[in-house]
Structure formats: structure tokens, C-alpha cells
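Chain IDs A, B, C and D follow the sequence of writing; residue 1 opens each chain.
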Amino acid sequence: MANHAEAQAETLALREQFDTAEQQKDASTLGMWVFLITEIMFFGGLFLAYTVYRDIYFPVFALASSSLNAVIGAINTAVLLCSSFTMVLAVRASQVGQRNALIIFLILTLILGVAFLGVKAYEWNEKFQEHHVPGPTFHLEGTGQQGEAQLFFSLYFAMTGLHALHMLVGCGILTWLLIQSWKGKFTPEYMTPVDIAGLYWHFVDIIWIFLFPLLYLIDRHLGR
Amino acid sequence: MITAAAQERETYLNASYGIKSWLLTKDHKRIALLYLFTVTLFFFIGGAFATLIRIELLTPQGGLVSSETYNKLFTMHGVTMIFFFLIPSIPATLGNFFLPMMIGARDLAFPRINLLSWYLLVIGGLFALFAMLAGGVDTGWTFYTPYSTTYSNTWVIATAIGIFVAGFSSILTGLNFVVTVHRMRAPGMTWFRMPLFVWAHYATALIQILGTPVLAVTLLLVFCERVFHIGIFDPALGGDPVLFQHLFWFYSHPAVYIMVLPAMGVVNELVSTFSRKPIFGYSFVAFSSLAIAVLGFLVWGHHLFVSTQSVYAGMVFSFLSYFVAIPSAIKVFNWTATLYKGSISFATPMLYAFGFIGLFTVGGLTGLFVASLGLDVHVTDTYFVVAHFHYIMVGGAIMGYLGGLHYWWPKITGRMYPELWARLSALVIFLGFNLTFFPQFILGYLGMPRRYHTYPDEFQVLHVLSTAGASVLAVGYLMPMVYFIWSLRYGQVAGANPWGATGLEWQTASPPPVHNFDEMPVVTHEAYDYTTVLGEVEVG
Amino acid sequence: MRLPLFPEQASNFAPETDHLLYFLLAVAVFFTVLIFGAIFYFAIRYRRRSDRELPRVLHTGLALEIVWSVIPFGLTMIMFGWGADLFFRESRPPANALQIYVVGKQWMWKLQHMEGQREINELHVPAGRPVRLTMTSEDVIHSFFVPAFRTKEDVVPGRYSTTWWTPTKPGKYHLFCAEYCGTNHSRMIGWIYVMEPQEYQTWLSGGRAFGSLAENGEKLFQDLACGNCHKADGSGRCPNLVGLFGRNVQLADGRTIKADEGYIRESILQPNAKIVAGYQPLMPTFQGLVTEEGVLQLVEYIKSLGRQPGTTPAEVSPNPPAPKNQ
Amino acid sequence: MSEHVDSVRTYASVWLILLALTAATTAVAYVDLGAFSVVVALTIAVIKMLLVALFFMHVRHSTQLTRLVVVGGLLWLGILLTFTLADVWTRGLIGTPGR
């Protein structure tokens, strides 16, 4: 118990600008939410470009979307949702002070996150082999509008790429959390880092929840 | 720099020494000074470009520099002044220093993020400086596609990276301010007891948070387009160059308010202190800042009236643009009304405040001209627009900045600036400014397009007048630089509250101690309650 | 040296724009004088006389706040309505306008008359007749700006834009590129020559025209062998182009679109973007094979096919649906 | 400090619903709903977003301020989309190319 109390004393040491731990936690949480707003707007520019071009060049976008593998996309969505589930369990474990559970759930989340990135890498690799990467060698079967088809894939790579970059950052944060929780830094009184990392992780999940139907599922019923 | 009186006690300036104690500081006051140094540097770099532009435009044929060079000059002038001077100017220096003090906090909510944001500005600035030294960039600060993505052979990518990085600096400053205002107010400091400077910075921070990420992603797309030729804005591949303009102005119109709202915040403090009255219509002025921040996001399409944007969208944007005029008008009227039956002092900061109100009025009113669809068709992309936004950004933002710098100089350094020189320089700046930019309204209506290296002979007289004004203005800007540095050593030692002002920042010593207050303040009065600072008074 | 304060008024829109300016100037001067006057008066009248004086606090008058919000708002709504009305009319060229085609490129203006005359950085037009410009760019964004006419419209690659005016006064007027377009942006300038109508006729007939625009378009149509598929009797594998312009076209994906200049341009350069109902996407793209000027000639040729005697001129076709311009 | 600790059961139910919705949105994409398919896809996505935000991100236990921040962010995204599309969708409506 002495060990625990020591850790508590260390982590509860308030940063000097704050009066109470409550204030510090509130500020950190609010800061993360405000940061997430900036992320919404950051992805927002891409969502706007996507919406405009999908509207103007709908048939080509539908064709290009159909060339993606919806099953893999759906599986990857499920993987990410599972990781959100394990993340929320990790947050819960830190709320109730179960250090071992916290570590296990963080590891699970990390594994699922890496799995998502692995599947993503496999998909991108496929695009390179199918000449679906924008550039001089780009070619999509079945349309004369190569430029517009290329637009779809430009947006596909920009959006999934930026999302993957956020996943990568998320995995880094998870690793850091893992080290900290291994050292027993988190207690029910001080678990703000776990909490706000959770917010970030779920947010990245939400972005994918929209990317999946928008990129993979346009006009699937045509069965192309 | 340290006075005999100040040596006796510890201030944020003498608490520690050495370059490391500055570069690794988490003290918002020291970070503010780092910013002050940085933005001043960029101001003079941008000013040097402006000087060359004005000298070049003395003659219609363009003999001094080549067209390539001229195009790079106005681009780098715009990029430097907007992204590396005006946007960080007031929030990151005066805001950083005084926002926590005014609400009675020891520091911002996230001091390490505050330091990080300064480093981001410096890194972004280094990218931009590298681009300038390596050969410059010639796209205009607006980076319109497809010129910037396909046709320009200059250092677009390095400049875009610089602005991208500096953008994150701005976002983090905004984030810090929002959280600080929400979570760090002293006991008793309710929202409606906050100085209006804080309200203005809160509104500014909202714009920084909501707008800047869109600029970042837009520049990212320009970057991708230039490097990978992905076609997002390339008409040859079906891309829409006007979409770029929507994305760009979604940020860059509100960005104008990032520059001018903090200056309005400063003017509130000046007008109140130097007429010794609370700002007339406090809550209207407070809410008008928020209204400007919100409405500012609904009007960006007024930059696109002749861009092949649809007529109907143009009408909506024009209509909404006039709504922004109302909160701006409310502010001007309330400042004027504050003077009524006040006790008005003509100290230098107040002269700047007068200058701000006058020039902002002209800038705002000419904004009505360019928001009117039929008139904008003629004046857009001419010197009329150039004059209009310089009235807002130089006449408005820089006047506010200089006013604030004079006002808080004794608090920051513990020394007074020389009053006579300061008044003289305020006058020189005001006159020089008007001589520089007023002729440009006429030039613009006559049809002189902006970004022209050479021009028809009949415009020369007005250009010469403008250049003459610019040289006066340059002298005006150099003067404070000199006497501020002079005052660090020779200035009169300032007391805690030389102006008899009411803000919490004046209730502590000059310069302030490391944690701002020796005893944490508890607020029991409304903002601008002068009975608290003047003991015996004659009520007028 | 001359020091003009106002540009010449040489089009129907010039006096109108100036009248709007006068109104705005009056409002602006009134408020500037009001604010400057009040500041000066208050500053001097209520200057600080003693360092210890404390003025009485005046409380906010809600009525005052409302008054100085509502009155300016009313004035701005006049500005909006007036400006919008002018802009709306500037956006709708009359049906009888003289058609001119403009191509901007770094750094020159290329202009074509219907009769086939081509000009570079110069445009001759008759006074008293509406002139409509259909414009596009070969490279970056430009902007066609004639200060004496008070009009300006961007010239954007990949699409057509339109501007129009009626010159009212014969003379020689500046043409500027107003959207920054690169190194020689400030040299992308020219002159508009407004001539008396009979003078203009003389100029037209004296020019070195090699066939009218439509004739050149027809020649190009044949050179590119468009007629092999687009047969005039409708028997070809591709849609019949006679009478196409201004008609509503039913597309394969169910949409209906008005065949305007933009649609024809797109169909030549991106033939698969909008497939006509009942036809196969067979046509190859002509992107890179035809210049923007060539496309304009083809457009004019196809338009001329619609001007058979007895049919309505295409431009006055009513009930435009909602075609997307690009 | 850990004001609200939701049960594992709650989280698990939300998780299962999210997985079911993913399956549903994939399946429904293969049905011809015409223009409605995008409406259905986005509705499901919004429901999933709400579930994640309310339960996993604890918005349902959060302060008014946090909710305001969330709503504000979405509203601003809405402004960006709405006003730009207001241009894109009305281009050429007046009958003049480029207007």
C-alpha cells in the first residue's frame, strides 16, 4: 500500500497553475474535446471535397467505390469497433483501480489497432498492384473518365491515409499509457491521461464509421 | 534592465537567468516575450518587402525589379505579415501575457502547450524564411489553384509547410485560451466581470480553433496536388479550382477577425482606462465579439462574387455579410458613447485608440462597399480592396497592437516609455498611414488591379502619393522600436498602476512576480469599477 | 499630369454602379464625420482636468443600443438589395446580344468574333448593342476586367463563364486581367475599342477573316470526322446534333440537362461524363486534341445547327432546369 | 473523481449493437434503394456515432459545456458543407454559364 500511496502522491502533485485536482482534470478533458473539434474541421475539408465531387461525378464515384473490397472494409470496421470496446473497458478498469485489467485491455486495444493498420496496408498494396493509385499509371476499368476516377482514389488515399496517421499516433499514445500503467501511475483519483486518450481513440473510430460507408458502399447493388 | 527598486524583489524577469531559462520557460509572461521578439522580427521582414513594393511602384514601367521578383515580393509580404505577424501578434504576445493575469490565474491551463506553440511558430517561420531565401514564392498569399499547384515554379511547398505548422501554433494558442477562460478564472471572476479584452480573445480563440484546421487541410491538399498530381483542384482531371477558394476563404475570411478582434479587445481597455469609465453597453460589446466570431464564418463567399460562384450563393453571402456590420457598428458606437462625460486623458495609448476607432470606421464602412454585389464586381481585385483591408489590418489591428504595447509596457518591463516621442510617433503613424492607403481607394475605383508590377501612366500620381505616405509610415514604425529599447535602460521606473486602471494585472507589481500575484485575487467588483482604484475622488 | 478621380462611364452598367457608389459614399461619409466629430468633441469637451476626478457611470440605454443597431441595419439592407439587383441583371445577358468568345492564357487575351475575326489583346465592338462574352482559360484563372464598363468576371479553366455589357460611348478603354495569373500578370492587358455601328461594320468587313466561327467549327467538325457518328439525319451511332443547343437532354442516368455551351464543351472533352439516354459511351475524349479556341468553334457550329429557319433562337429557351455547370 | 462507472454489460451491449449496425449497413448497400441508399448509410453512421459518443465517450454523463463543444463542432462542419454546396448546387441555375 505504501507503494500505492507514493505513486499517488507523485501523480497527484498538481501542476502549479491549478488550484485543485478537479480543476486540472476538467481542464484536461475540456482541452481534449476542443482538440477533437479541430480534428472534425480538419477532416471536414476532406469530407467537403468528397461530397462535392461525389455529387458532380456520381456514376464514376460509384464505379470506383465498387472496386474496393467491401468485405475487408466491413471487417476492418468491426476490428476498430472492437478496439473501441476494449478501450472503454480500459478506461473503466482505471476508474475502478484494476491495474491488471487496465494493462490487459490496453494491450488488446493496441493489438486491434495494429491489426486495423495491417489490413489497411494490405488494401493499399492491392491498390498499387491494380493501378488504382493516382498518378501516371492510374487506370480504372470500365470508364472513360480516368481523371474523375482518379479524383475518387485521391480522396480515398487522402482520407484513409490521414485516418491511418491518426491511428498511428493513437498507437503511440497507447504504448505510452501502457508503460505508465505498468509503473502503476494511474489510480481512480488520477486517470485523466487514460480518459482523454480514450476520447481520442473513440474519435478516430467515429471518423472511420463515416469513411466506411462513404468510400466503400456507393451503389453496391449494381453488383460490379 | 532591472531597476534598483525591482532588484529587491523577485520578478518574472529576474527569477532565473540564462538562455535555457527562456527557451524552456513555461511562464506565460516569458513566452509572451519570446513571441514579441519573434513577431517583431517578422514585422520588419514583412515591412522590408512592403518598402520594396512601394519603391517599385513609384514608376509605371517597373524598372527596379523584374516581374518575377515583384510577384515574390507581394506574396512574401502577405505571407509574412498575415501568418507570421498579424495572426500571432496580439493574442500570442499581449493575450498570452495578460489574459491569465486579467482573470486572476497563475498561468494558462497548459503552459507546456503554450511553449510548444511558440516553437511551432518558429519552425513554421523557419520554413517560410527558407523558402524566401532559397528563391521565394510567387503565388500570392491566397495560393489560388491551379496556379499554385501546377504552374508556379517557385517554393510553394516549403511555404505551405511553414504556414501549415504555424497554423497549429495558432490552434494551440486558441485551445489554451478557451480552456483557460473556462477553467482558470479566480474566485468571483464571473463571465460578466471579465474585462472585454478577455471576451475578445475568447471569441478569437473560437475562430482559431474552428477555422485554422480547414486551412491546414487545404494546404495539405495543395501539397499533395503539387507533389503527387492527384487532381483535387486540377480542372484537367475534373477538379474544381473554385472549391479551393471555398476552402481557403472558409478560414481566411474569419482570419481577418482573428487579427482585428484582439485589437478591439485592447481598445476596450484603453478607452475605459483613459476616460475612467466603464465601457458603455458592456454586455453588448461582449456579445458583439462572439457575434463577429460566429457571423464571420457565414460570409466567406463574398470573396468569390466574380469567381463563377453561383449568383444565388453570391446573394446569400452578400446578405449575410451585412450582418457582420452590426456588431462592428455596436462596438464603435459604444466606444464613442463611453467618451461622453468621461475624464479623457491624451496619453499615447489613448491616441492609438482614437486612431483605431477612426481607421477601423473607415475600413469597416468600405467593407460595406465590397459586400455590395454590384459594386464589388467593379472593385474586387483592385486597389480598393487592398486599401480596405489595410485599413482594417494596419489601421485597425496594428494600431490596436501598438496601443496595447504602450499601455502595458510599464507592466511588462517596469519602465515608462518617453511620452513625448510616443505621442509624436502615434501622430506620424496616423498621418503616414492615411497618406499611404487613402489614395489606394481612388486608384482602385479608377480600375488599378492589384498585384500589378507595371501599370498605365495615369495611375502614377496616386502611386507616388502612396509611396510618400509609406516612407512616413516606415519612420513612424521605427520610432517606437528605438524608444522602447531605449526605455529598457533609461525609462522612468513605473509603479504598479501608472494609469489608474482597474484590471487585475494592475493590482500586482510591475513587472509581475513569477506567479503573477503574491496573493491570489478574489474578485468582488464589476469590470472597470474605478472607485476601487481611486481613493479620494471628485465625482464629476 | 492628369489626376482623375473617377473612371469614364462607357457602358450601361457604369452609371448604375456609380450611383450605387454615391449612395454608399454618402452613408460612409455621414458616419465617418459623425464618429470623428463625436470623438473630437468629447475628447476636448471632457478632457481630464484633475488627476483625481471620477466621472459618473452612465448605464446602458437599451433603446439606444437598439436604435444604433437597427438604423445601420436598415441602411445595409438597401445596400444589399440595390447591389444584388444590379448583379442579377449583370448575370443575365439579353437574347439579342452580340456573341464574342474569349480565351485567356498566360499572358494574353484571345478573342473571336462570330464572323471569324480574331483579335489578340484588342476587342472591337459597336456602341449601343449588348455584347455577351463567353470565356474560358487554357491554363490558370484570369479575370476579364474593363474599368470603364464597371464589369469583371473570372475566366476559369475547365468551364465557361459569361459576362455582358452594352457599350454606350465610342472610345478606347483599358482591358485588364484582374486575377493574379503569374509572372506577366500586369502585362496581360489590352484595349477595348468601342466604335460607331457603321464604323464597326466597316471594320468587320475589312478584317482578315478566314470564314465565320461556325464555318471554322464545321471545318474542324469534318477534320475530326465527328460526322461519321453524329449524322445529321439521326441515323448515326451517336446523338443527332441538329437543333441540340438550348434543348433539354435526357441522360442515361435519368437526369435531364439543358444543352448549353458548358454541356457541349464537356461532351467534347469528357464524353462519358453525361451519356444521352439510349446511346452507348462510345465517344473518345478530345482532350488535348482540340484547343479551347477549337472547342469554341465547334460549340458555335453546333449552336448554328440549331438556328435553322423557323426554330426559336437557342438563347431564349425558357424554363431552364438545373444543369450543373461542370 | 470517477463519477460514473458504467457497467461492463452496458458497454458490451453498445458494442454488439455497433457490430450489428456495421453488418446492417454493409448488407443494405447491396439493396437497390435508389437515392435513399446514401440516406440510410448516413443515418446508420450517425446512429453509430451517437452510440460511441454517448456511451464510450461518456457524453451522456458529461457537462453541458462538453455537449455544447460537440454540437458546436458538428454545427461548424455543417456550415462548411451547407454553404459550399449552396454554391455547387445552384451553379448555372440562372441559365447563364458560369453564373
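Convention: a residue touches a chain if its C-beta (ideal position, glycine included) is under 8 Å from a C-beta of that chain, and two chains touch if they have at least 3 such contacts.
Not measured: the values here are computed from a predicted model.
Per-pair counts of C-beta contacts peak for the chains B-C. Centrality annotation: B (chain centre taken as mean Cα position, compared with the mean over all protein Cα atoms).
Work out the mean CA point of chain A and of chain C, and you get 46 Å between them.
If each chain is reduced to the centroid of its CA atoms, chain B and chain C end up 36 Å from each other. A straight line joining the Cα centres of chain A and chain D is 16 Å long. Residues of chain B in contact with two or more other chains: 182, 210, 214, 236, 238-240, 242-243, 246-247, 308, 311.
Residue positions of chain D with contacts to 2 or more other chains are 65, 72-73, 76, 80, 84, 88-94, 98-99.
Within chain C, contacts with two or more other chains are made by residues 91, 153, 156, 159, 161, 270, 324-326. Taken pairwise by the contact criterion, the protein chains are fully connected, each one touching every other. Chain contact summary for the complex, chain A toward chain D: residues 21-22, 25, 29-30, 33-34, 36-37, 40-41, 44-45, 47-48, 51-52, 55-56, 70-71, 73-74, 77-78, 81-82, 84-85, 87-89, 92, 95-96, 188-191, 198-199, 202-203, 205-206, 209-210, 212-214, 216-221, 223. Residues of chain B that touch chain C in their complex: 62, 67-68, 71, 138, 140, 142, 144, 146-147, 150-152, 235-236, 238-242, 275-278, 280-284, 305-308, 311, 314-315, 318-319, 322, 325-326, 329-330, 332-334, 336-337, 339-346, 354, 357-358, 361-362, 365-366, 368-369, 371-378, 380-382, 442, 445-447, 449-456, 458, 460-462, 530-531, 534, 536-540. Those residues of chain B that touch chain A in the shared complex are 105-111, 171, 175-176, 178-179, 182-184, 209-214, 216-218, 220-221, 224, 228-232, 236-240, 243, 246-247, 515.
Of all the residues in chain D, the ones that touch chain B in their complex are 65, 72-73, 76, 79-80, 83-84, 86-94, 98-99.
For chain B in complex with chain D, the residues that touch the partner chain are 182, 210, 214, 242-243, 246-247, 250, 297-298, 300-301, 304, 308-313, 316-317.
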